[in-house]
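Take a look at the structures below.
Presented sequentially are two complexes of subunit A, the first with subunit B as partner and the second with subunit C.
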Partner chain A sequence: MAKEGHIKVDGKKVQRIDIATHRQLMWWKFRKNYMAMIAAGILGIFLIISIFAEFIAPYSSGLRNTRYLAGPPMSVHLFDAKGKFHLRPFIYGWVNKRDPVTLALIPVVDTSKQIPLSIFHRGESYKLWGLFKSNLHLFGVNEGMVNIFGTDQIGRDIFSRIMYATRISLSVGAIGVFFVFIIGLLMGGIAGYFGGIADELIMRLMEFLRSIPTLPLWLALAAALPRDWSALKVYVAILLILSSVGWTNLGRRVRSKLLSIREDDFVLSARLAGCSDARIIFHHMLPSFMSYIIVDLTVSFPYIILAETALSFLGLGLREPIVSWGVLLYSAQNIHALAEIPWLLITGLFVVIAVLAFNFMGDGLRDAADPLAK
Partner chain B sequence: MKRNVLVAVLSMLMVFNLFSGGQKEQKAKTKQKIITPSSYATVADTKGIKTKFPQQLELNKYEKQTGKKLTFHENPLFAERVKKGELPPVAKRLPAEPLVVLPYNRIGKYGGKLRGISIAYESGDSEILAWRQANLVRFSDDLSTIVPNVAKAWKWNKAHTEITFTLRKGHRWSDGAPFTADDIVFYMNDIMLNKGLFKVTPSPWGDIGASVEKINEVTVKFKFKKPYMGMLYRLAGSGSYFDPFAPKHFLKKYLPKYNPNANAEAIKNGFDNWQQQFGVYWNKWKDAIVSSPYGVKVPTLESYLLLKAPTTERRVYIANPYYFKVDTAGNQLPYINYQDERFLEKQLWPLEIMNGNVDEKAQNMPLNIYPLLKKNENKGHYTLQLPPGMIGPAIIFNLTDKDPVLKKIFGDVRFRYAMSLAINRDQLNKALFLGLGTPEQALPQNVPYVTEKDKKFMTEYNPKRANEYLDEMGLKKGPDGIRLRPDGKPLTILWEYTLQYVWSDQFPALVADYWRAVGVNVILKEVTTQLTREMQKSNKLDITNEWLAVYEPAMIEAPQRFLPPYAAFWPIMGLPWMDWKNSNGASGEEPPVWVKRLWKIADEWITVAPGSARYLELGREVIKINQEHLVVIGTLGKIPLITEVSNRLGNTPKWKINSSSYGYSYPYRPDQWYIK
Partner chain C sequence: MSTLIEVKDLKRYFPVGRSNFLGRHRIFLRAVDGVSFEIQKSESLGLVGESGSGKTTLGRTIIRLIEPTSGRIIFKNKDETIDIATLKHNELRRQWRHMQMIFQDPYSSLNQRMTVKEIIGESLIANRLASGDELDERVKNIALLCGLKIGQLRRYPHAFSGGQRQRIAIARALIMHPEFIVCDEPVSALDVSIQAQILNLLKDLQQELKLTYLFIAHDLGAVAYACERVAVMYLGRLVEVAVTEKIYYTPKHPYTEALMSSIPPDDPGLPIKKTITGEQPSPINPPTGCPFHPRCKYADDDRCRTEIPELYEVFPGHFVSCHYAESLVLKGALHQEIASGVEGAGKNRVINDLNKRRDKIIISQSK
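Let's turn to the complex of A and B:
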């Protein structure tokens, strides 16, 4: 930490590390972990995608390119067939034709036709977050459609679908983690602070929940959803299901921490000062180990995302027209799709990157949470 | 669900194999042994043999033409058992008058194992179950001539109220017991007309008041209260699943009439009553018997019998040593020793086929795997055929929906017209059916009373007109573009589909898209076929898709798929109407006039001669009523059924049509296929 150097305080030369706040120490430690920094950057990009999905995706998730079904990704070029450089990136004209023998759709590239990509393209209109009407997209083309990740069997743009799916999957993670946070804090807090019969009951409940194999439990709960629920209702229900089984880890952590600091001097003084139980828990005890909780939550993010993906992949989670990573992967699970339309698997890449990024960032945060450890 | 995971993982693993091309290329076994001198008649080279019915003739006629007595040969598979005395020699096992069939290309070779696939033993996608049939008569591969089979000959009386069948002398069940006229009388009197088994005599026998009379051991007469012209079509077509005979010597011990202790014995054996015990050895739906371990014991006339109890993985059949057909060289059929049917998840079928592990598969093959299979034809050592046999998925709204508001909406024909017009069939065809289909309504195939105009009725893509119909009905669009029901709720339909009937997830996805575009919201949910059938039986679905292309013989037999409940086996739609009909109006719901008219037509239908003026008139009326009310909304017609045939299989023809109406590959005589 000496690297952080010296500064002058009141005319005295002191080491910065000696007067740094805890938050500063954490940040210093965190930024030294390059993997964590990269992961944080990637998650930042994911966050932007989630927030501005409508803007970044050139099309809505249901729009079909009827002239380009099951089409492979269109490549974006700067040099044309003659090797001439174009400042404005362009795509060639792509259509697909049917192979007379195998009857498969085969892409045909018309290199004589160059369609320039336009940035900040005015295209399909949408309502950002359901509020602001707009038709501005990050990019687009004036002629036909651009499908940089290809299209699925019925011609929907995979890139756009992945953008929307990223929003849904990450929001499942975020909202799921939020619920986990609330339930975990509440249950763990009650168990740890009050002890006695409340502790017994909550701990047994936790053990019970943890002893149930998760996959069959999700399946049973997901299958129990009424059959006529709309996709949105299912979405909320899946969130509740995932967090209702996912809180136990955090609950346990909170309980043990509370138990260990319950008898500390600062808690005793707070109690003597006449603080209410709630105030003692939420204002005095919880902040003292908040960093651990944040780390825990970061690590449980990928758990929830994977859980949703798995459920949807099995056809029990979210459903069209809501698209999540799991929903997209669901259509890629048969051999026919894998062999003929392998670009459906690009979604898998996003899942892997997101999960890894969360793990690396969680790792970095965990180290940073204890900044003075060597 | 667990299965799904497994499949997903497996297909992931296997796809790597696919890309890496890691599979050993199976060497094509192109060397063909000439098995016998080609001095025997085949379909390809008849050697001047003349036959009354296509591709087959009776022994005496054959011997008369060749001038030589035919000596019989048997499969070496049975030689051991004959030597030990467990089986009589082949000449004693064959009927005195075996049926002589002309193999397609050459005299086959005994031995081998035919490898098939299906989803599960009772799934209804196993062509092996379809082609092993042995009914009194069958369809020749021209799909129009009815030819002798178990019965040697038949004769109608003039009024078509009596038909006399002549059986084969010395014909035996697979356990060696004689098959005689008694087995047919037993079937009718002791099973069909047995009030202890059926309160209402099953169709068609009950509807036409059938009875059976034994003339002598090999002659039997069916009598009907009214003319039953469809009789032979029923036996030869899809009715081949319902043999009109049963092994009396085997079954009678389970009936109280023959065995006073039958009930007590049944209870001792762990059944509730004698009916239940009888039910495991005999079922109207023959496939039920070979789906249980009890089936091993039940004697049959079919080409193959169960070798052992079916498991969840496979069902194995062995050639029937008493099968009644021989080839022109006197070899007893079938040539192939075993049929091995493996049960596999549908997503794995293409892999198995591409790896050359399947000798024939067609039933329930999704069309969209054609490109994949075609590319691997050489590697997998098979050939694909594309005979017609399917139509695109059909959509049937539940006109007797439990939700009274939906019932009113679905019941309005303008709604059905609108839904049909909102579908972009050309796009569906291009996206999901390889462009092989033609936009068409769901109509009987290859019948004389359907016109091109009927086929095109309301099939054009016209969302404007669709919107007009819906507006006319008073279904106003809400702010989000979704129409509102009369009770103010958004018009939302729950579409629970099964891949078996919609072929792919994309079909409902696209159709729902089209419908949303005209303001009808659809919630999609994939479920299992078993579940949709359960829900159909309790009138719980908004939409069903369990409907298949119907060819003429199935239509002649009964136009069941064109009148409520629009189904052959499981009710599809109109359950409360059926209730009303069966209870004579005491319960259920009274159907509209056109439904009653359809039922009435059906009663008359089976009594008129196929091809007659009245037949055409009634056919037209059935089509007209159905078109006017558009109960079944069709999408595409003339869709082929991928038929995969291994190159190692000999004596296979070109499939003309591959449809359940003809028992799939049954007319193409799998009993004379052989392994090269």
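Let's turn to the complex of A and C:
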């Protein structure tokens, strides 16, 4: 982990690594891990999507393209059928034709008609974060609708729905991880700090929770939710269900870290220096295991996302009009949908990418948490 | 010379195994089992023994980093006499300004997230005793005294080697001008080439600041070099306490004799005579009678097996806990060299150290 280079401090040349803070050392180590950096970049894009979903999605999640049902993804072109280059990307128009065998209406690409894409398109109006009124979208078309990931059975734009679902699924992960963090830190902290009977009780509770197969437990809890609850209420309830089971790992980690760090030489010497209990905990102990906890949280992120996806996929999680990745995949359940509208599975690609990215970033963070290890 | 610390019948038992439902333990590990001794002002008392003999626990219990199970630790500071074992939490925090500790491993004893200046000045910062220029000044002074450079104070511990880290740890221990310091194997984690530097630094600081050390070590050479008196510990008890020369040349306890014979001779051609066999018994289930009797080659009667020998003064200033201390004829560290007739037996590292020390004592006495 040699970081070459010198800087001047008080008129003297100093090696940069010698005066680097722990955070700097972690960053230097993290950025050497290319996979983790790429993963962080992908997650950055996901974050931007979640924040600006209304702007990036050309349409709202419920808007239907009634003339383009179960339509395949429209490809964006720069060259037309004659090989002529267009500076402005365009899509072809389509016409609905009857299938001679099934007599069903199917959209057929009409290369004679070019519809140019417009960037920063003024289209459907929305309220960003429920606050700012706008009708600006990243892209759109003046004529008809553009569905770059195709449409579902009733003509809703899959690309737009995935953008909104990304926001919901990531927020489920983030808020779930936040709950896990609070419960895990509290329970692990109590167990590790007070010990004795509190420790026994909490440890037995953790073991009990871990011994229950998770999927049936979620199902039971989720099935117990009243069906007449609003989508938002269900959303919060699902989060609480997922984190009430998911905190045990972190709780264990916090407890064992507290127990081992409490006897570490540097904590003992902080005690000898006459530090108060609060200063020992917040100034000496917490910073030294915070990096490990952040790693744990990063790794537990995809578990919560996957758990929510699984629940929603089974129809017991989130429900329309809230769209999450699981809700979108729910519609791809039957063989008919899979055979006729395979583009519904694009959502799965997003789930896979997100989970992999979190795992790779967690790996990188784990290495970086101990920046001086060779 | 006056007494600075007087330890009386100090015990520390650790509960082991699972507690029963009411949180009561049945089995205890007797890490320190009734230890009494005194440390004089400005002296360094060496504490030696095998690993697992309770040296570190004893050192930590004396400054109450570990709570004693029973016993008294009398600290005589100027005109007040305090029993450290009964201090309340807040009083103890204050008392720690007078007693500090240097840990064995300078890699784990320094907080990686703090600069050297923050580490050394932590006592002052945490108790709001100094800030700004005054803090800078005090940290600088103590750092210079410990052989650090002013330009290094902004760095983090990872920029330093083991020896330098130990200097930082020493500076941290000294910032409040304590009288008493427990050195828990302060050089055993360091390169051999650095060990002498740190030992010399500790000695110089002791003279300059009138420090009193409890010097825990298993390197008998380092102890011979650094300490006026040595206490030998076995299975949680002291078996022998005397001035260094007596312990090394004329030990009175069979265990001390065995320890001394374990010092490897400088000449690799000389055989290492094995004088002790077996393992140290478990302090959870110590032997009856003399704790050393299962390994002692002189023990052969019921007295050793049944009666625990008390530490008593066999000669003035020479304490032993052995029923037969007066009648046994034991061999000291010199024995092997003399017996094998090697020319210039003084080449042995220990003997060299002892000779150096003796010169110093003679010089200081003639003054």
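The working rule: the second predicted complex is superposed on the first by the 332 of 374 C-alpha atoms of A that agree within 3 Å, B and C clash if a C-alpha of one lies under 4 Å from a C-alpha of the other, contacts with A are read in each partner's own complex, and residues count from 1 in each chain.
Definition applied: contacts are C-beta pairs under 8 Å (C-beta built on N, C-alpha and C of every residue); 3 or more make two chains touch, one makes a residue touch a chain.
Note that the coordinates shown come from a computational prediction; the quantities given were computed from them, not determined experimentally.
Q: Examine A:Ile197 and indicate which partner it touches, taking first as subunit B and second as subunit C; both and neither are also allowed.
A: Second partner only.
Q: By the touch definition at the top of the document, which applies to A:Ser260: first (subunit B), second (subunit C), both, or neither?
A: In the superposition, A:Ser260 contacts neither subunit B nor subunit C.
Q: Could you say whether A:Thr111 touches subunit B, subunit C, both of them, or neither, answering first, second, both or neither?
A: neither
Q: Output check: A:Leu314 vs subunit B and subunit C. Expected answer is one of first, second, both, neither. What do you get?
A: first
Q: Going by the contact rule set out at the top, does A:Ala339 touch subunit B (first), subunit C (second), both, or neither?
A: first
Q: Taking the superposition as given, does A:Asp228 touch the first partner, subunit B, the second, subunit C, both, or neither?
A: first
Q: Under the stated contact criterion, what part of subunit B meets subunit A in this complex?
A: For subunit B paired with subunit A, touching residues are 1, 4-5, 7-8, 11-12, 14-15, 18-19, 347-348, 350-351, 366, 368-372, 374-375, 427, 430-432, 434-436, 492, 494, 496, 504-506, 509-510, 513, 523-526.
Q: Give the list of subunit C residues in touch with subunit A in this complex.
A: Its residues touching subunit A are 23, 63, 65, 93-94, 96-97, 100-101, 103-105, 108-113, 115, 122-123, 126-127, 151, 154-156, 158-159, 169, 172-173.
Q: Tell me, which parts of subunit A touch subunit B in their complex?
A: Residue positions touching the partner: 62, 64, 66, 69, 98-99, 101-104, 152-155, 219, 227-231, 313-316, 319-320, 331, 333-336, 338-340.
Q: Tell me, which parts of subunit A touch subunit C in their complex?
A: For this pair, the touching residues of subunit A are 9-10, 12, 14-15, 17-22, 25, 196-197, 264-266, 268-276, 279, 284, 287-288, 372.
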